[in-house]
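Pasting a structure here, questions to come.
First chain written, first letter: the chains are A, B, C and D, and each begins at residue 1.
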């Protein structure tokens, strides 16, 4: 009884959380004419109008490509550099390690809003406005500290004996890192990568501030600018949102199982 | 095959904690040396210093006479069996065994042959394609052993390899390790906190306390002639009885006198001056329960612990405070809690230690 | 040598990450006239002009109060409800737990951008536009799944024997939760709370979309709207950013030590 | 004080794993019952069923005759000492001890008095203001014990309370537990996988395997008359020798014949039909090394394990395959690896088990 009650509550919560998304997907397939009619849970007719408009009428491929480039580069750099840094922090013994970690995490928590302006000035100075690096660098500033913090925790959970076993087996530091540490760190690396990717994929404020024209707009900026002076094309906005959401959500759902399994089950115990 | 030597090695951690202090130890080619001590005695640190996983703060580590103090672990060619086994969880048993060979660039056919050979010897052929997570504790232990053996290293280092096994498995595995050592005749350094394991396995036993070696000697020697009160108390089960006594002249003879009893030393060669304070040690096996009037002392039975073949009796003796007198009696003696019994110490089985230094002072006791 | 090299790299990284923030703080005390003159690391003169303008000329207290209310309510609700839910999920044994957790995390990862529109419609329907609940509810949708996911992982690390010891000592479920589980969960709860607070404190998109007038604007929205038609008051924007940043950053830095200590050192082992 | 009974209790986990199957057990008021078994035998589950931390799938749990199967743990008034101690890390030792009393609404002065009393008895007064993290392993163990004692519960449940202690501490703590049981005379249920602990502590020992009880009896009885081959192998160290034999008529007398040797049963009352397959068990203590010609069999010495007072010798005997014959000899016997020796089984110390069922079949053997 008790367990069932809790399961029910959990199920309800999940449904509640998922409901807006469900609505968005359905609405994106609904003709504009019926969009603001009585809402119904099960749609009566699905049309592809909005999607056609999105890729036919507007050039929605460009923002998608921009987003992919920026988010991809940010992810690779953040996990790559941050991973090395985190491994060093996790394995090195030095005084003041705890404050350094605290500091690093605090940095990733600073309100993004508050450094839009100085970053704008800095990027203008460096002639990086409206370029890919002009977005990737600011994103790294925010994503890398979180990555480092997450991975330090993860690397610490890896039993050092596994690396020591590698060393005793005759493998050098690099080989041990490559053959022992990396395969075992995959859940941690994947989690960091996904979080970073999603952060950069969805980031809005920097993207709006540091891009100057449609040739560099990312998806969230592009969607925002759909709104005309007098008319808001809701159907197209929703369709664009779905296009921006579904692939990422799919990746997460597929990767999730292994991530959750890896991060929570202490699977590392030999 | 290797002789290993530590020369005045110290290890102080950055926290200021001293794990090993000025330790010198020679491990002979082909012997199985056991490092025995309570937790925190630095025995594992010594093993890690030999392995190269720790670098000494001062002193030298030598393998076959060569100074390897600064040589990293991969180039020392030693194999280690970890307490947690530390099997690579993402590799199959076969890959776990093969890794050390592959890393050394051994060709594939030879790797395969060695892995098969080792697996056969350890009876783990059927497990080769499994992952460590799919193995039982005993099987993991075998794989860890196999990973060490397969490489034919210069020497083996064991870090409490049996401590994660069930007692039943432990005895069997201990026997296998003894056979393995006989078969390979390779130098082995074995860390444990279990004195029985140390006694039964070790060619020699080094008893450690607080980062220093208290005694290194063949197992039976450590049992029969413990160098000091620490070793005396640590080796042997049930633990040795130790009493503070004075050596006194009573009538004609000399006696060891304590508040609880008096032992006549007539006919026994004890090089202790009269009046000196000593600790007298007697193993529970070397005390007999005797009829009234024939003993050195008497006490009330507080605890009776049947071990099967023999029974351990704990006697409360006036003047000893909370310390019991432990006596081993045959399992068929009908001694019960509450009985009052007389006991007699076999005078030729005494261990006498200086009360101040704790060091052994007399050397009779032949067995 | 090696350790020193790594420490140096870490130090450089931290400095690099912190630099923009440092610049923002300095600039907020610099008179407009010199703001775009040659930048210098050490400021020559510090003035409070921008701060005076902020609280004198504009009513910056209102957005600060709005942000506090919204972020505070979101935090309390998210950690409270999410905590109970996470505790149930961590302790209950039921089939399909892993997928439920995966789903929950995936939800918190959905691009916010993509449901702005349907949420707008929903909130209009519910007459919650331009109200506090109209911001708190959407924030909960995103914050709670992450909170649940974080806390499930945290509660799982708590050894169940501690609770069992409480039960054996004669304490009921509730008393055990209160006297044993909660005090031990403080690092996890604090982390979740801080992350949630920061998310809602800095959130921009929903705040911009679902508030209609200055009486409900939150800090990020208010800062954005400082920009006039022809002139951008950089100094005031930076001052506002600092006001929005410093208190939160201070809390994080103070709380950090305990959080990092709690989350990473396995302090729970009795 | 409480009598505890389990009636046909089963516990099947949702995963389908059966931890306890149809188990019936009566624990007498005031006794110390030890649940002994290898890991995975379900002994801890039985303890948790008694505690109420697990609910049986079927069957009843009774305390003092009252059915408590569905009563939650807080209302059973039992105290448990966990293997990990499970001290509240955020509370001081004093608060750890006081918690159980406070929860019950005992008034502050009385709580204080009880805590002080218990701390004195366990010699942990000096630690009262410390946190668990500041204590050594032995001290934590004492605090865990104190937390159980302070409440004066109906019964104590111990889940391998000594397994995290150093061997040296373990022996001392075992003695203290025995004294504690004598002093409190409260019912105790004690889970362990260590047969020596079980033998020395238990009023009675219940040997478990795969969720069922194989034998419940006083400790020495389990040692002397093991009910089946599992118990025979599990109890006693070194483990009992067990050989597959047939009972055959040779000349006048009846013999137990194996490929390796033959034991004359003349004068021994064995209720085994001729030709029946049996397992014959002999403890290593009940085999003697004898001069050539006087023994039942012979073998080569493969391993010599000195334990101190005695030595265990492993003999390789033709026809037994990989199984050694284990013999306990006095420490002064000069037997070395490679020697060939003759051994003699004491015929009055045989344990005979049915080859098919593994159950004990004869009942001589008096000791």
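Rule of thumb we're sticking to: contacts are C-beta pairs under 8 Å (C-beta built on N, C-alpha and C of every residue); 3 or more make two chains touch, one makes a residue touch a chain.
All values derive from a computational prediction rather than experimental measurement.
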{"item": "Centre-to-centre distance between chain B and chain A (centres being mean Cα positions), rounded to whole Å", "value": "55"}
{"item": "Inter-centroid spacing, chain C versus chain A (mean Cα positions, whole Å)", "value": "17"}
{"item": "Touching two or more other chains - residue numbers and ranges from chain A", "value": "93"}
{"item": "Residues of chain B engaged with two or more neighbouring chains", "value": "none"}
{"item": "Category of the chain touch graph - line, ring, star, complete, other", "value": "ring"}
{"item": "Touch relationships between chains, expressed as pairs", "value": "A-B, A-C, B-D, C-D"}
{"item": "Parts of chain A lying in touch with chain C, wherever the complex brings them together", "value": "3, 6-7, 9-10, 13-14, 17-18, 20-21, 23-24, 27, 36, 39, 85, 88-89, 92-94, 98-107, 109-119, 121-122, 125, 141, 144-145, 152-153, 156, 194-195, 198, 201-202, 204-205, 219-220, 223, 234, 237-238, 241-242, 244-245, 248-249, 252-253, 256-257, 259-261, 263-264"}
{"item": "Touching residues (chain side chain D, partner chain B) in the complex", "value": "38-39, 137, 166-168, 171, 175, 178-179, 182, 193-196, 199-201, 219-220, 223, 233-239, 283, 285, 302-303, 305-309, 312, 314, 324, 328, 331-332, 337, 367"}
{"item": "List of chain D residues in touch with chain C within their complex", "value": "14, 51-53, 72-75, 77-80, 82, 84-90, 99-100, 103-104, 132-133, 140, 147, 151, 157"}
{"item": "Residues on chain C engaged by chain D in the complex (per definition of touch)", "value": "93, 95, 159, 161-162, 164-172, 175, 179-180, 183-184, 267-270"}
